[in-house]
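Take a look at the following structure, please.
Order as written gives the chain letters A, B, C, D and E; numbering starts at 1 within each chain.
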Amino acid sequence: MILRWVCAVALLTGLLMGGTAQAAGSAEREKLLSDPGVYATFAAFQMKHEWWNLTGEARVIAVSEVKGLIEQFSSKIVVETYLLRGLSDHADFMFRLHARSLSDNQQFLVSLLGTRFGRYLEAATYLQGVTKPAAYASEFSDELKAALKGQAEVGARPYVIVIPIRKDADWWALDQTARQALIQEHTQAALAYTPVVKRKLYHSTGLDDFDFITYFETDRLEEFQRLMRALEQVKEYRHVRRIGHPTLLGTLSPLDDILESFAR
Amino acid sequence: MILRWVCAVALLTGLLMGGTAQAAGSAEREKLLSDPGVYATFAAFQMKHEWWNLTGEARVIAVSEVKGLIEQFSSKIVVETYLLRGLSDHADFMFRLHARSLSDNQQFLVSLLGTRFGRYLEAATYLQGVTKPAAYASEFSDELKAALKGQAEVGARPYVIVIPIRKDADWWALDQTARQALIQEHTQAALAYTPVVKRKLYHSTGLDDFDFITYFETDRLEEFQRLMRALEQVKEYRHVRRIGHPTLLGTLSPLDDILESFAR
Amino acid sequence: MILRWVCAVALLTGLLMGGTAQAAGSAEREKLLSDPGVYATFAAFQMKHEWWNLTGEARVIAVSEVKGLIEQFSSKIVVETYLLRGLSDHADFMFRLHARSLSDNQQFLVSLLGTRFGRYLEAATYLQGVTKPAAYASEFSDELKAALKGQAEVGARPYVIVIPIRKDADWWALDQTARQALIQEHTQAALAYTPVVKRKLYHSTGLDDFDFITYFETDRLEEFQRLMRALEQVKEYRHVRRIGHPTLLGTLSPLDDILESFAR
Amino acid sequence: MILRWVCAVALLTGLLMGGTAQAAGSAEREKLLSDPGVYATFAAFQMKHEWWNLTGEARVIAVSEVKGLIEQFSSKIVVETYLLRGLSDHADFMFRLHARSLSDNQQFLVSLLGTRFGRYLEAATYLQGVTKPAAYASEFSDELKAALKGQAEVGARPYVIVIPIRKDADWWALDQTARQALIQEHTQAALAYTPVVKRKLYHSTGLDDFDFITYFETDRLEEFQRLMRALEQVKEYRHVRRIGHPTLLGTLSPLDDILESFAR
Amino acid sequence: MILRWVCAVALLTGLLMGGTAQAAGSAEREKLLSDPGVYATFAAFQMKHEWWNLTGEARVIAVSEVKGLIEQFSSKIVVETYLLRGLSDHADFMFRLHARSLSDNQQFLVSLLGTRFGRYLEAATYLQGVTKPAAYASEFSDELKAALKGQAEVGARPYVIVIPIRKDADWWALDQTARQALIQEHTQAALAYTPVVKRKLYHSTGLDDFDFITYFETDRLEEFQRLMRALEQVKEYRHVRRIGHPTLLGTLSPLDDILESFAR
């Protein structure tokens, strides 16, 4: 028994030490994270209490199976992982998946939930979205366009916040010019925070109960809060019918660290 | 023990390989899927964790019982199956049932839930609706009528989205002519997407907490999202009091594949 | 063991075959179902999964205990039973109890939940109401009064729909004459459906979170839906603050059939 | 084993037969139930299904422990008990506790939940309030003051209804005179029901999500419903933002009867 | 076995008697509790029923592990503990953590949940906020500034109330001067209660679904309720879109007492 345990640990360590095979090649990875037309699935899970009734050995084996699975999907999907535990209730960790096709994200999650590890997971929240070329940016003033060029630098384990949003009917009834003006004001208000808060927008209309998923990474939470306050003070905010519910707050965390905490 | 397992697998394989006996004859099937006055039940289920405590053999036997059940109802009910896992939270798969009588749908589900497989199912969402002749189409312009004739072509395993809707009191207080005009505008906005998004409408007033169930099939999710945005921008949208909650997103998936994943 | 099982089955069969002793005498039964001042409790239950871990014998015995209980209360309470499974989520069956005193309904349910069968029941929804003389009918036009005289004929196992309703503050602020006029319009709109949809109204103000419980029986669901649509189109509907949540949909089903499905 | 069981039953019976030691002396009890500045905790519980897996003996012992606990707190707390089962979903029974200090109520409930019996309780709803001198009564007309003097007489086991309420911001923005006038109208509307419905008001602002807890006892439910309707028809009702959710309905029931039903 | 139990108790007692090592040095502790830019996490937990299936010895050991953990984090985090049981439903106790970095709070909670004790905890509510210099106080009149200088004196185990708040879009659309005036009125209304109710404000915009977390400590609940009423009567209250949900009510309680109640 003890021998098998040692082997199992070795197996896991081997996998964990083998380095996190980057999803897709480095270039393709960058493209998946920046191209329009890429599908993102946010999947937050909670580990069921019964997991801890497994033997340590069984847990180690189950976790190593997940590692193998991620390797297997790495050519198609960029998998990023976040630790939500202690910051968001009802969820322990979250995947953000990027793929050219939403059904690849589904196949990965179906495979994950079919593992022995996955049988103990409870899906807390799924959000689905797609990246698109910026809808209003082409009409922005040249100064605004120039100012938007910079991209925030964040450290290795920044805070991550995911806030889904639904706009009201009045918003969609506005014509393109009116919406253009409101978004320009919104963008201007956010500009000062570009150097410290990384933002990404996903369109989820029709895929879940929201219109947008807003995603933020930052090392500096207070600057992030100032950004959110600034966005509450522009006219566009009056058209936000639902914001959050849930708000997901966590920290970027390597998959190995998250899995290891469930193998221990 | 091993022998019994082999037999059980053989039994299941036999059933699975016997071909999916199409519900009803092919012609009757087509009529059930296109006639007015047909009752549809959308039933989304989640598999309880305890299912996995059964032995592999017991699971194989339980699953084969479901196969037999579907055969038995195949003359009365068209059963379509969808994989929701990984795309919708709190649900693993969904049935869409079509029958001339709602009580046939009920009898099927009662029988299903009475099987050993069914005892481990948790009903996540039930939606009930009936098909009707288009309420406003007879007054549409001839051009619009002609344009609507086409039907979307979708592949073998398209994405499927189910969005229930409740209209507000103001909508029902409008007279037929006013509603006619608003629906014509709504239909016109959707027209461009007819070739790539299959739509179907069910009336659920009084049968559940919604007025309509809207059902979509598409291979091209981005076109579907454009369709949804277009529908948010017409005046009729202001009369939508509740949309989604839940929005069900999945992929069309043969029953055999879904059952097999629970037999493994 | 096998002998005891046989006996238990015999015991149950005996009870089931002894005929469903009608609650109260037939005349008293009719009065309980038609008099004002009668208290109705709608109690929808879901069977817990653990029930199926009992032996078949234990289940048969547990079910026969319920039969005995209903006999015992039959002089005071009219018990009607409905199969909700497959049509309403989170509920398997429903009782509609009528008694002169609400505490009789409570005593019956307390006794039921105290049986071995009852320990496995989860209360999904309770609604409480009382019948009253029609509040506005005396002022109706003679034609309307005459037209209302008919009563729907429905078959042996009609569909049953229960929809609780809460009115808004504006409704209660209207004077009796104004409400009288609105209810007359409402009644007129419903008139065409009187021959095919049986309706009954219960007053629940103060007893639960609703003002009314509306109860429908029909063999013809499409006519029922037309009725509901007609009622959404009159002015009174603007004063409905909450409708459904839950909407309970099922079929009238003899208790024996329901219990038998849990004894099998 | 059998001997121990007999002893346990004897022990329980002894306690149960020893008479329900009135909380506090009879005079102090009356004062706790009528003085201002007394804290009330409404605590509704549901018994977990696992309770019934204990042996009968273990249940008897567990229940007798609760009896001892109530004796122990009887000098500080008036404990009243209600049977909610069969009338309110998700709750089996309710305590209404009155003490000079809210922390006494907490200490009692913490002790209760720490018993073997308490470990099987699930807290369904807690409401916290304090009694105060009537805020507007001093300005009532003399006739109204005189009319209010009477107190309802109710039988031994009346129905009890607990309805929490939250007022809207407009209400609190009214000046004292305006609120005074609206409450006088409200009180007048309720006056006819004083002889048959006992009412008590608790202030819960800041202690839970409500402003008030309204408590009713009556033998005559129909009169109670007329009272509720009358209160819905006065202008003050327009300022009620939330009413019920939950509405708790039960019957006054001696603790011994409730405990005994869980010892059986 | 008995020997091991005795040792385990001794171990726990030793830890408990060793004195509650104050988080951080006393000066740093004061600064964490008064500086701006400090992150607070409110984490309310419920103990799962399965905890009580552990042996007494296992519980003692599990609890002593938590004590060790708190020692370990004491240089970075001020940990305060509250007993919610009996006053708030769905929660037994609450931590309020203060640290310079939110990720320290996360690390502490992740470690806690990873202990054998933590595996039985269910996270009921997490709220996240940060302290900031008062946003409007610099413009207050000198009299108001002077009056605000006092700080409430509360006893050793005061009541604690946590009420999260979300403001509406209209509030954020007001300019700084208008908000300044409304907050000054709000502050004036609260002034009379400064000597008896300790208040603290946390900014949570973007970190959870609220804008603010308001925290209160008091020995005098009735004064606290008067304060809350006073705050409902000023104009600023009209901009409160959500208040409470949940309202958390408890008493300040040493960690040792809380843990001991779960070791017993």
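The rule is simple: contacts are C-beta pairs under 8 Å (C-beta built on N, C-alpha and C of every residue); 3 or more make two chains touch, one makes a residue touch a chain.
Predicted, not measured: the structure shown is a model, and the values here were computed from it.
Chains shared as neighbours by subunit A and subunit D?
Common contact partners of subunit A and subunit D, which must touch each of the two, are E.
Pick same or different for copies subunit B and subunit C, depending on whether their interface residues overlap by over half.
Different: fewer than half of the residue numbers at the subunit B-subunit C interface appear in both copies.
Which integer distance in Å separates the CA centroid of subunit B from that of subunit D?
Whole-Å distance between the two chain centres: 47.
Could you tell me the distance, in whole angstrom, between the mean C-alpha positions of subunit D and subunit E?
The computed centroid separation for subunit D versus subunit E comes out at 29 Å.
If a residue has to touch 2 or more other chains to count, which residues of subunit B qualify?
Not one residue in subunit B touches at least two other chains.
Please output the residues of subunit C touching subunit D within their complex, sorted ascending.
37, 39, 41, 43, 48, 50, 102-103, 105-110, 113-114, 119-120, 123-126, 128, 130, 169, 172-173, 203, 205-209
Can you check the complex and tell me which residues of subunit A touch subunit E?
49, 52, 83, 85-90, 157, 159, 161, 163, 216, 221-222, 224-225, 227-229, 232-233, 235, 237-238, 240, 243-247, 249, 251, 261, 264
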